[in-house]
Amino acid sequence: MIRVLVWCENKQNKTDDAVKAVYPNGMHNTIADFLNADPEITAKTATLDDPECGLTDSVLAETDVLLWWGHIGHHEVPDNIAAKVQKRVLEGMGLIPLHSAHFSKPFKLLMGTSCSLSVPGFFREKLWCTLPGHPIAKGIPNPVDIEVEEGYNEYYDIPQPDELVYIGAFEGCRVFRAGCAYHRGNGRVFYFQPGHETFPIYHDKVIQQIMINAVKWAKG
Amino acid sequence: MIRVLVWCENKQNKTDDAVKAVYPNGMHNTIADFLNADPEITAKTATLDDPECGLTDSVLAETDVLLWWGHIGHHEVPDNIAAKVQKRVLEGMGLIPLHSAHFSKPFKLLMGTSCSLSVPGFFREKLWCTLPGHPIAKGIPNPVDIEVEEGYNEYYDIPQPDELVYIGAFEGCRVFRAGCAYHRGNGRVFYFQPGHETFPIYHDKVIQQIMINAVKWAKG
Amino acid sequence: MIRVLVWCENKQNKTDDAVKAVYPNGMHNTIADFLNADPEITAKTATLDDPECGLTDSVLAETDVLLWWGHIGHHEVPDNIAAKVQKRVLEGMGLIPLHSAHFSKPFKLLMGTSCSLSVPGFFREKLWCTLPGHPIAKGIPNPVDIEVEEGYNEYYDIPQPDELVYIGAFEGCRVFRAGCAYHRGNGRVFYFQPGHETFPIYHDKVIQQIMINAVKWAKG
Amino acid sequence: MIRVLVWCENKQNKTDDAVKAVYPNGMHNTIADFLNADPEITAKTATLDDPECGLTDSVLAETDVLLWWGHIGHHEVPDNIAAKVQKRVLEGMGLIPLHSAHFSKPFKLLMGTSCSLSVPGFFREKLWCTLPGHPIAKGIPNPVDIEVEEGYNEYYDIPQPDELVYIGAFEGCRVFRAGCAYHRGNGRVFYFQPGHETFPIYHDKVIQQIMINAVKWAKG
């Protein structure tokens, strides 16, 4: 069994009606639920509300793959906890930062760059695969069609991915490296762009399958 | 001085009124002219009409960077000449395949893949830089706006570029890895997507500057 | 089950006493035997002696991963069969060229470079892992010690690997990129340097485990 | 003119007779002197002894390429200064960490990994080029022979280099990725392993030429 922890700051989940409408049980629980439906995965959740962000040494030691969703609360994660996550990835844990987690502390520490990007608005998106033999793309139609998503746009200040699996194309001639795989130490990182909090992205079966594939790839 | 050879099949240049309207002197001469305006570059041309395609051993030996535009005449380039170009790149010559030269024999030999892609129509394009510190992007605005171009679309069957410098975004959520840099042996290859024969792409000053930058990068 | 085909030119196996002493049943059968001991793998063999080199369309269509050992008979493989193997890799088959198969036709076609190297003699070798989280290195001690092997030395004229998993270090300050992973089209390639025909490399349990890992990685 | 700053912790330079014997004027001055002999370069120095480590905002703003040598004083560089160097690289400055600067704060911040390695002793080294067309290798013999150097050994915990230019081979089947080039933001990083403080490495004309080449490459 792959032991997954779905981490979410869990802030807009509680305060923003538009988010609650899409994820009445909290986005992290939605993600954990579809992951738990896979027979190879057992998923738990943790949030900013938990002591030590729910990321104690023992929890991290028992986590094979950590998914991370954060947005307005990045700064509330203490530096020492972010550093522990970074260290645990180098030891072998997988990390899957989602959407606005491009600015999460653990991802920025692991990339060494600013991870900045531009956010031009809301648009239809298509995800195009640039590595069709990659395990993360297995069984996924090409392109993946997303009716509406928050547009992220280049330049995205990240190291060149070891494996660029997906490029996101947004209406209006906009592009973003949307699925970026990295080897770091004994661990692996897969940044995945889709997942704005007010759209039902994580209810989409194809997006779910990409994330399940990513978990299996990231477990090492 | 960087010794450049601009190779063009020179077929539609002669038979297609729409092409002649855009490039009355031939596309290869237009390209050679703007390259020759750079004080570090001296450019000549060669075409399918020349004996041995204008690619004799002595010509290749005296070429630092070869630009290549072909479309409907790829098969008219003899295999042994394509193999000579491949060998000369491995010895240190730069190669810049343009637009439909994704299917040119020398490029396919150097990539080892099918270099296939899809061609969905004509669209507005924006080129987005994904490596802003790269010498090929020096002094180039981001994005580069192209009013209308033949759309090329992923999946583009190439090896992952060593340096992905540009992604092209086409209207309608379409994307293409448009500026792809490779090290091969002692030489360098830069595939550059813009340049459909019926649009005045190579008259554009920004496109010209990217190509001048590419020549300087590819000379090694 | 992963359907593996172990291809071997099977020439020195028949004529060279030193080779017969190490591999009395033929090197390809030794390799197939240890692969078949893995419950996820079913391995067959083919050689230059078979009609169409044993690489008919139907055989290739039913092969998930092809291992390839050749040395003095590279030129006896017809060009059209090499091209079929290349095409099948781009469709999704894994290819694992072993040792002197750096000069095999399918590998050269897929790399697009000369694949030349230098061969300075026979030396002790240590394989050092440069990507410890890679599935090919899973469970493998670091370094891997090989008592004596034919030394291969840089410059090795290959594209930069997508994933450089092993560097081989030979006595006398000699080095070689010994474990090189590539994505090509839908398929994967893993070049692996150890395996000179007069040394019992493929009887080594650690080398066998690397090759089993490589088969599982290359199956896609 | 390329404006270079050679930064050195300048500790063993003052206290260790073996170091003083090799670099009587201080290693940083030796490096600055040979760089200044190049007509395209103007080099200054800075050390831990200077206020703010000699790395004030105005100094950094006027620096195109920063060379960095540190060893026993990494922890004496304040975190905020290391972060300023990281930021300046992302804005476009080149950084060339030398030898034991693998553990310098700016390099670790930019890599996002532990940058750990093993140090097995003192050995003869040969540097082998794995990208012969790279500008850093221009005009350099292959291999580069170093009579004796401190051995560094894999696993070296760094991201895969964008361009692996040199592998160092040490007597006793030891290897190290010795010349590692990275694109980060608008800037470039070249880690270069040779340069133990008690050996006259930076007096070597070939090593000097590699460093001059690296400065020109890193200036962007």
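The first chain written gets the first letter, and so on, giving A, B, C and D; residue counts start at 1 in each chain.
Just so it is clear, a contact is a pair of C-beta atoms (placed from the backbone, for glycine too) under 8 Å apart; a residue touches a chain by one contact, two chains touch by 3 or more.
As the structure is a prediction and not an experimental result, all values here were calculated from the model.
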item	value
Interface sides of chain A and chain B: same vs different residues, half threshold	same
Chain A onto chain D, rotation angle from CA fit, given as a multiple of 5 degrees	180
Rounded Å distance, chain B centre to chain C centre (Cα mean)	35
Residues of chain C engaged with two or more neighbouring chains	131-132, 160, 162-163, 183, 185
Chain B - residues contacting chain A, complex	124-126, 128-132, 142-143, 153-156, 160, 163-164, 167, 169-175, 177
Complex contacts: residues of chain C adjacent to chain B	86-87, 90, 109-114, 157, 159-160, 162, 182-185
Parts of chain B lying in touch with chain D, wherever the complex brings them together	92, 131-135, 138, 162-163, 183, 185-188, 220
